[in-house]
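Chains here go by letter, A, B and C, matching the order in which they are written, and residues are numbered from 1 within each.
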Amino acid sequence: MGESIENRLKQLGIELPDASGPAAKYANYVITGNLLFVSGKGPSGNPKGKLGREFTTEEGYQYARLAAIEVLAVVKDALGSLDQVSRVVRAQGLVNADPEFEEHHKVLNGFSDLMNDVFGEKGLHARSVMGANSLRENLPIVIESVFEIKS
Amino acid sequence: MGESIENRLKQLGIELPDASGPAAKYANYVITGNLLFVSGKGPSGNPKGKLGREFTTEEGYQYARLAAIEVLAVVKDALGSLDQVSRVVRAQGLVNADPEFEEHHKVLNGFSDLMNDVFGEKGLHARSVMGANSLRENLPIVIESVFEIKS
Amino acid sequence: MGESIENRLKQLGIELPDASGPAAKYANYVITGNLLFVSGKGPSGNPKGKLGREFTTEEGYQYARLAAIEVLAVVKDALGSLDQVSRVVRAQGLVNADPEFEEHHKVLNGFSDLMNDVFGEKGLHARSVMGANSLRENLPIVIESVFEIKS
């Protein structure tokens, strides 16, 4: 059987918050078939600023990790338990970045590493990352994601 | 049974245009399984400019609503009738924005509100939004979307 | 039957490289159901620069074509043969662009044209394209994509 994802979260010292609500008439997530589409989520605490200007790559990594925790809170809210995830399918990192910033991939690793820590091999996902000119409320990063769920 | 989506459009005073064609060797939409992937669509009328520079948030909201109507025109062209939509799954708003713009979410609400007006609960979708540095033909917004269709 | 995709590649004078590996703890691709999600891929050769600044639209077109070849290398690695592709579903072009650039669509045509050359009608895909403020390692373009595979 193996340990549950919830136990692994505990070992990692991660406590999932309640899923933050959508700010308008949209959904935190939509399930179609066995795919779970999760809305773009930013880090908790309302940090404001751009990578390569207000924030370093290492700070961005930590914000991507915090955004990953917000994503997992939505997934748990959607499925009841993270054990219902059979695969992390895809993530897109929208990084609020200076025009000369070049380390977007290292920032998004904060998300990817956490998915691997939590889900192991099932956490390996396809991904892309880009520098956004600006983001809502000047968040440093927003991550959109798709999960596969057990049928 | 309830009223048809076409009737609801009429009540909202919305007349769908013919679907605007793709500008190159790509498709307006692709159907795979019961998912309909719609290409990025901008507002009609070829407006040009950036949010936070040429356009206000309220103007952006109206452009997002106009882009939503272009998206629905493609969906109708793809499915014959909007009644074949079982769920709006996902939308991504690409907002042509100034580096200091922070209200991308309020702009994309023009799309989300229209989907709710037209489809009700089925119109609730996962979404993300970002500030693009620039967009094709200097459009203020382009919206990419995915719909679930009745099987 | 028709000729195989591999033969068509040969006729086009395209030799697929080995798939370039992901740079961190993520996957080059994920298969879920009959959808293949491919991670964002840039052109080979590590070109650096922005459209509308260091690079012209025509150069960008060629880079999009080179990125398409990198994408196909991943698809072949994933499926064993490109003949297993039943449809190119969706592509998103992230173009590293100057704020005043307006020809993103013409750049992404380098990807779309190649997909049509290689797959014919099956190569027609839904797509969107945006100007990114900056990209990892200052690549001129990164393309994320989804393919449908034969069941």
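The criterion applied here is as follows: contacts are C-beta pairs under 8 Å (C-beta built on N, C-alpha and C of every residue); 3 or more make two chains touch, one makes a residue touch a chain.
This is a predicted model, so every value here is computed, not measured.
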| item | value |
| --- | --- |
| Classification of the chain A:chain B interface as same or different, half of numbers criterion | different |
| Angle of rotation relating chain A to chain C [CA atoms, steps of 5 degrees] | 120 |
| Rounded Å distance, chain A centre to chain B centre (Cα mean) | 24 |
| Overlap residues in chain A, where contacts from two or more other chains coincide | 33, 92, 99, 130-133 |
| Complex contacts: residues of chain C adjacent to chain A | 23-30, 32-33, 37-40, 50, 92, 94, 96, 99, 130-138, 142, 144 |
| Chain A contact footprint on chain B (complex, rising order) | 33-35, 52, 87-92, 97-106, 108-109, 112-113, 115-116, 124-133, 146, 148 |
